[in-house]
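Below is one structure. I have some questions about it.
By written order: A, B, C and D. Residues from 1 in each chain.
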Amino acid sequence: MNLASLGLAGAVTAGVVTALVAVLVPVRARPVVTGAGLVLTGAAGVAAGAAGLAGVTFSVSWPAVLPLTGVAFGMDQLAGLFLAVTGGVALIAGVYGVSYSRHGRAAQATLPLFVVAMLLVPAATSVGTLLVCWELMALTSLLLVLAEHRQRPEVAVAGRWYAVLTHLGFATILCGLLILVAHAPGDSFADLRAAPLPGGVAGLVFVLTLVGFTSKAGILPLHAWLPRAHPEAPSHVSALMSAAMVNLGVYGVVRVGLDLLGGGPRWWWLVVLGLGAVSAVYGILQAAMSTDLKRLLGFSTTENLGLVLVGVGAAGLLAAGGQRVLAGLALAAALLHVVNHAAFKTTLFLAAGSVLHATGVRDLDQLGGLRRGMPVTTAVFGWGALAASALPPGTAFVSEWLLLQALVHGVPEGGGAEAVVMPVAVAVVALTAGLAVATFVKAFGVGFLARPRSRQAGEAHESPPSMLAGMVLAAAVAAVLAVLPTLVLPAVGAAAAVAVGGGPATSGVLTVRLTGVAGELSPLVYAVALLAAVVLVLGGLRATATRRARRAARLWDCGGGPLSARMEYTATSFAEPLQRVFDDVLEPEQDVTVDHVEESRYLVRAVEYRRAVPDRVERRLYPPVIAALRAWGEAGRRLATGSVHRYLGYGFYTLCGVLLVLAVIS
Amino acid sequence: MSESLYTQLLYLAAGAFLLTAVLILWRRELAVIVRILALQGLALAVMVAVLAAREGSVELWAVAGGIAVLRVGVLPHLVRRALTGAEAARRESAPSVNVASSLLAAAGLTLLGFAVSQPLVALAPSPATQAVPVGVTVVLIGFLVLVTRRRALSQLVGFLLLDNGITAVGFLTTAGVGLVVEVGVSLDVLLAVLVLQLLATRMRETFGDTDLDELRELRD
Amino acid sequence: MNVAGGVVQAVVVVGGAPLLVGVMRQVRARLEGRAGPGIGQPWRDLRKLLGKEPITPRGTTELFRLAPLVSLATVLVVAVVAPFVTTVPTVGPAADLFAVVALLALGTVVLALAGLDTGTAFGGMGASREVTILALVEPTLLVAIFALSVRVGSTNLGAIMTATVEDPARVISPVSLLAAVALVVVTVAENGRLPVDNPSTHLELTMVHEAMVLEYAGPDLALVELASAMRLAVFLGLLGNLFLPWGLATGTDPVALAVGVLALVVKVGVLGALLAAAEVFLAKLRLFRVPELLAGSFLLSLLAATAAFFLA
Amino acid sequence: MIWLPILVPVLAAALYAVFGWRRASTWLAPASAAGVLAVAIVLAVAVAQDGPRTAWLLRLDALSSFMLVVIGAVGLLATVATPAYLRAEIAAGRAGTRTAGRHCLLVQLFLATMALAVLAADLGVLWVAIEATTIVTAFLVGQRRTRASVEAAWKYVVICSTGIALALLGVIVLNHAARHATGGPVGLDLVDLSAAAPGLDPGVTRIAVALLIIGLGAKAGLAPLHAWLPDAHSQAPAPVSALMSGVLLSVAAYAILRVKVIADAALGAGFARTVLVVMALASLVLAATLLLGQRDYKRMLAYSSIEHLGLVALASAIGSQFAVAAALLHVLGHGLAKGALFVGAGRILQVTGTSAVAGVRGLASAHPALAGGVGLGVLALVGLPPFSLFASELGIFRAGFGEGLGWVTAAAVVLVVVIAGALFVHSGRMMLGDPPDGPGAARAAVRLPVPTAVAVFGGLAACAVLGVTAGPLGSLIGQAAEVVAGAR
């Protein structure tokens, strides 16, 4: 036993015990018990992950568990990274949940099991184990998504989408991995790495698993569950799903594509990069249009995971071209973005949950003015929004900078496909970053600043202490990651090295220095410099400006009387210019109704403007499939008309056919 | 019994066996059909008796007797009993495939039966196995009756036809499959027919008509 | 560390930026046949504003008061760390081009948030338009950076400029030209100049930047104006140094620094004058035609990035 | 000793015949089923130690003892739920005590015939036993005496009897081949047959095998003669549906496995595999097609049985030891889960009065325990862990990809996904949301009777435990699979 295996065992034990206890204890003690158990589970997961990142390994297999297949667990740096992230998010969600969670017994008991399943996925070292943990994760998350099904009818719809799409994704992963297993002596990862594989089969395996894993990561085109399920789940569950579960999709792509299949031809990674790029832009565009706070965050997850896949794709492409060091850099950038995204998305979802808790409103058009009632939540969300906007000194800035460095340096001397791919990828990252800025300015500015746009928002009050503690903890982690990414970068680099080989991608303590290529960045310096500059400006202002006291004054109302909240810019109007720019991509649905005064058609009484930006990919892709399935089912009903003659006829004709065939072949 | 007499008797019985099957397909009057069914049972019993005489086996004679009782007496009687009181259902209403077509189909099925039985005949050529195709054909015709006839009782007859054919094949190939199994099979068939007869009666009681195409409440 | 260089750069940018605005207004006035107020007018305006009482509109939060400070601070940091006068880095490895761009964007973002914070239609409108343009400019900017840095193998501004100084022929390469044009468009868009925005209008329908900062008054407004001017100066300075890096000091001795300052002032002054002259002949584009302009510039920058392999 | 699994239920049946449905005899049925299970376990241990044993007409090997365990386990589950079910039926006036007594009697006979089927040493006896199951269950299906239930019973008997008659023809043809086997004549004894199989005439054996598989397939709910299944399962009383779906189909599948052993030895693996693959895929397509637009939740469960038996058939077609082990595990897991589900569905029918999917809304709110049980059951059917169906489906698919049936297996996976989607959607509609007001609303909460709850949750718990670890059953399954695939 070592720290890694002990930690994992501890996490599993804590999770399962918590689930059992949560079923048994009375309703009032339940949130505290679940929260405490979740914190323990998460902490044990972090410990196991940290040990794994430090290079502690273990390997166990229990053939008796899971009949026929058996399970095997182990640890390496790559697994450790994802374990640590999941554990960390769980820990924070546990703290938050103590005063947030008011759900039923089943949901409370499922939550720790969900965390356990997520912790086990990266620790799996055989196909059977991976699949069983994957499905356990899907099952528990499905139950959690459904936790509030009585409150809102949309929950059932979201659950349906999630159930079907996640099962579809699982099926493709299953097929892919089983084809791989069929060419190997056993189903352990070690066997698979050693298996000789024909190129076509490897490609098939990769594509199949890619479809499944990217679906879990919320990547287009199988993303449709994500913007539905994430908003409808309880907020700490949303945080777990959005910050921990989707990562495992990336884990799957990296583990199978780079580790088990050992890289592969360029086209694999061009596909990955393309999927990532399209998802990033599409996700953030939808987020920029969204007025539902949690849906916005959900689409932002699609965006960020898209960016991660851009990094993974670049890593695969570079590795295929023999540039191992740069591949390591690209993968390290992607994995660092996974970590960073987990930190800031947890922050954001928890803050959104706090808003929802206080107001019951998710619609940005009805929020606003939360600063007064909820100062801590506002500050936390503001910090999260900065982190998500990829601006210094935010968290995402560092990882996106690393990603850009990998892309800039990724062009080989002679040019080639990379010479076109890399600049386009840079453009995608840039556009995504720009739109992310717009999105989060909207979310924060409209949602939290200015005046409340509804009664609920006006009466909002700060959330209970444990929720605040959870949020602040998440924000603090995001802050540390933003300023001192060097704390985690060596570990992230080691995890990347597991998949693509090569040494550490970066070095340095206060400064991130790239290995092998020129490039350095010191987020700490920027933070300090900004702070110093603010102090300097403030000093300069004190020295030069008059010392008169600040005076409150009326806003400029064009002389038309006091401004009301209805005159404010809303999230919809804020996004309108962008919507116009991307009209052809988004195909929004708009509707203007003009009401006239009875006496004259020239006097307008009211103008009503409605806009909806449906998910166009979903609109184009899914309805035909659903309609086809429905038609299939409808047509198929003719198979069972109730006529016993018909039923016997099936047998009769089959028999005659079979006998005929037998007579012919004998 | 001389070889030729044996063969001729056997083939005569087999011919009668097939003919009765075709007649059942042809006729619509249920009472007549039941009578033909009894005749077919008789033909089957004769077939087994001829085999018994040929083999000189007491056991087979006993089986022949059993068959005669069961298939000439009991089973047709059961069907007839279900018929009584069913005035409206005495005639087969228009079958889903008309008589002419079903006769043509029967011709096709005969060809198929003969074609498919070739390996069975070839495995152990003898006068008895030469008649196996007749049994197979009757099985197929029985199935055809099941598929096309609309009255509950006609289906019952079809089932019995099927069963007669199978029994014939059994005796013509290997003179039975062992006593225990034989008895078990006969008992099962008897019980199945009993159950079907009871159900047919119950159906008539519950909703009057036994036209099976009315029976389409359970569907998707 | 190169404290002297950093201080000199900061002083030059802070002191010179309002003068640059003054020069541009003067050029414009002369070309339009007016006498103009003189190039010192922006400084005089700032002094007047600093002397007024600070005002906080009702209903705004701390963010509204902090925004001008942060906005100015970001430009100040850029002025210190980026190579304007000398390529010797001021504070460690901070002169990364991506980082500089992101810092400048941060300044815009806080002002946009402040605009939203006021809760007026103007503030929201300005913020919305400003971030839209920001989002659309980003791809052009970063791809142009890509084009410039791929050849050097670094995104460090100092490294790029040094490489150009050492090999002047690069300037007239197609990559450079395309990237330069793209960056000029970016500069125009990012600083709210014609034809993207008209800095001297206060017409509701067309305002972008001015609508966002409409509620500021007194010393706060002074900071906003100063930051805006410095932003323009910084952009022009970077543009000048990236494509015409001559005169840039590569050491820290006072003479070289002095030459560097002089070169910077001349480059920025000329560029500013050219920009002002061009503006005389331009009308403001409709807001929804701006994306076309930006798309064009993006195309140029993408061509620049790929041209590095296909033309060079 | 070997006769015990048959004698115990027969004795119980006799007692029911004498005493009918009384307070004292209520728990006789579960006791008898528990007895079968206990004997099955004892026998399984004995077989594991001493190898197969035979008695007159019967033979017990690892495969038979495993099937006995399945019969005992699902039988116990169904009979535990029976008293509560019958009481509710009597209370609702849909049945009298005579019907109840006859119900119990027939169920015991049903268990006995199934036990006979899996213990039969002789293909003929096996056939007799399987046909006998049709006869004893016919009246159980028609128990409610409504138009629909009589209709279902008629279809059930006609289609199954016809199918099974084809199997009889197959038995006879196989007997013909066996009498003329090159190694000297043999009877229908299963062991003798497989020993002599290489000497069987291939042409004749092919006909026999085709007839046997198609015929037994009717009883196993495989296409093309599957159509009785949804009707019978939806009309039969819930515990009987549980038994039919949970074990009867599997017993027929067991018979197919026995036939396949002979077929593979006589004809090579290809022939039976082709037939079974076609039937398995046809069943899966059919189940998927009819589940998509399904409107009746009991029929939904029935079609899901067709799906699962299709998977078992696929595993049999694959035929490797691993695949057969997966098939056996699947049989047990499916029996437990489906048994629990039918019991639960029967309860839903009793509390809501409708079997239409559209008629049930907001079940999770109105009847949380019942909905929880049924919901978990659906998740088990879909093949989610920790339920054992996950392990067995994974095993089947793995074997399929490993044994060169990649495309077929891939098609099966796709169909299973479609089916899972349909199940999710339909059951989600029933479970989730707020119960509506007005007509069609789930009536006021009725407590779930304890025995029903025990049956539902006990079955699911057993299924889940089995999915985590098979324990000693694992080795039994291994041995049983060796009986089928060991010869290869």
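Just so it is clear, contacts are C-beta pairs under 8 Å (C-beta built on N, C-alpha and C of every residue); 3 or more make two chains touch, one makes a residue touch a chain.
What you see is a predicted model; the values in this text were computed from it and never measured.
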| item | value |
| --- | --- |
| Comparison of A-B and A-C by number of C-beta pairs in contact, larger one | A-C |
| Centre-to-centre distance between subunit B and subunit A (centres being mean Cα positions), rounded to whole Å | 69 |
| Inter-chain centre distance, subunit A versus subunit C - centres from mean C-alpha coordinates, in Å | 35 |
| Rounded Å distance, subunit B centre to subunit D centre (Cα mean) | 31 |
| Distance from subunit D to subunit A - Cα centre to Cα centre, in angstrom | 42 |
| Interface hub residues of subunit A, defined as touching at least two other chains | 636-637, 639-640, 644, 648, 651, 655, 659, 662, 666 |
| Where subunit D touches two or more other chains at once, by residue number | 154-155, 158, 162, 203, 206-207, 230, 290, 293-294 |
| Residues of subunit C touching at least two other chains | none |
| Touch relationships between chains, expressed as pairs | A-B, A-C, A-D, B-D |
| Residue ranges of subunit B touching subunit D (in the complex, touch as defined) | 116, 118-120, 122-124, 136, 139, 143, 146, 152, 155, 159, 162-163, 165-166, 169-170, 173-174, 177-178, 180-181, 184-185, 187-188, 191-192, 195-196, 199-200, 202-203, 206-207, 212, 215, 217-218, 220 |
| Touching residues on subunit D, where the partner in the complex is subunit B | 57, 122, 124-125, 127-128, 131-132, 134-135, 138-139, 142, 145-148, 150-155, 157-158, 161-162, 165, 168-169, 171-173, 175-177, 179-180, 187-188, 201, 203-204, 206-207, 230-231, 234-235, 290, 293-296, 299 |
| In the complex with subunit D, residue positions of subunit A that touch it | 64-69, 106, 128, 131-132, 135-136, 138-139, 146, 149-150, 153, 155-156, 159-160, 163-164, 167-168, 171, 174-175, 178-179, 181-182, 187, 629-630, 632-637, 639-640, 644, 646-648, 650-651, 653-655, 658-659, 662, 665-666 |
| Complex contacts: residues of subunit D adjacent to subunit A | 154-155, 158-159, 162-163, 166, 203, 206-207, 210-211, 214, 218, 223-225, 227-228, 230, 275, 286, 289-294, 322, 325-326, 329, 362, 364-365, 372, 379, 382, 384-386, 388, 390-392, 394-395, 397-398, 400-402, 406, 409-410, 413-414, 416-418, 420-422, 424-425, 428-429, 432-434, 466-471, 473-474, 477 |
| Subunit C residues within the subunit A interface of the complex | 50-59, 61, 63, 69-70, 72-74, 76-77, 80-81, 91-94, 96, 98-99, 102-103, 105-106, 109, 112-113, 115-125, 127-129, 131-132, 134-139, 141-143, 146-147, 149-150, 153-156, 159, 214-215, 217-219, 222-223, 287-288, 291, 298, 302, 305-306, 308-310 |
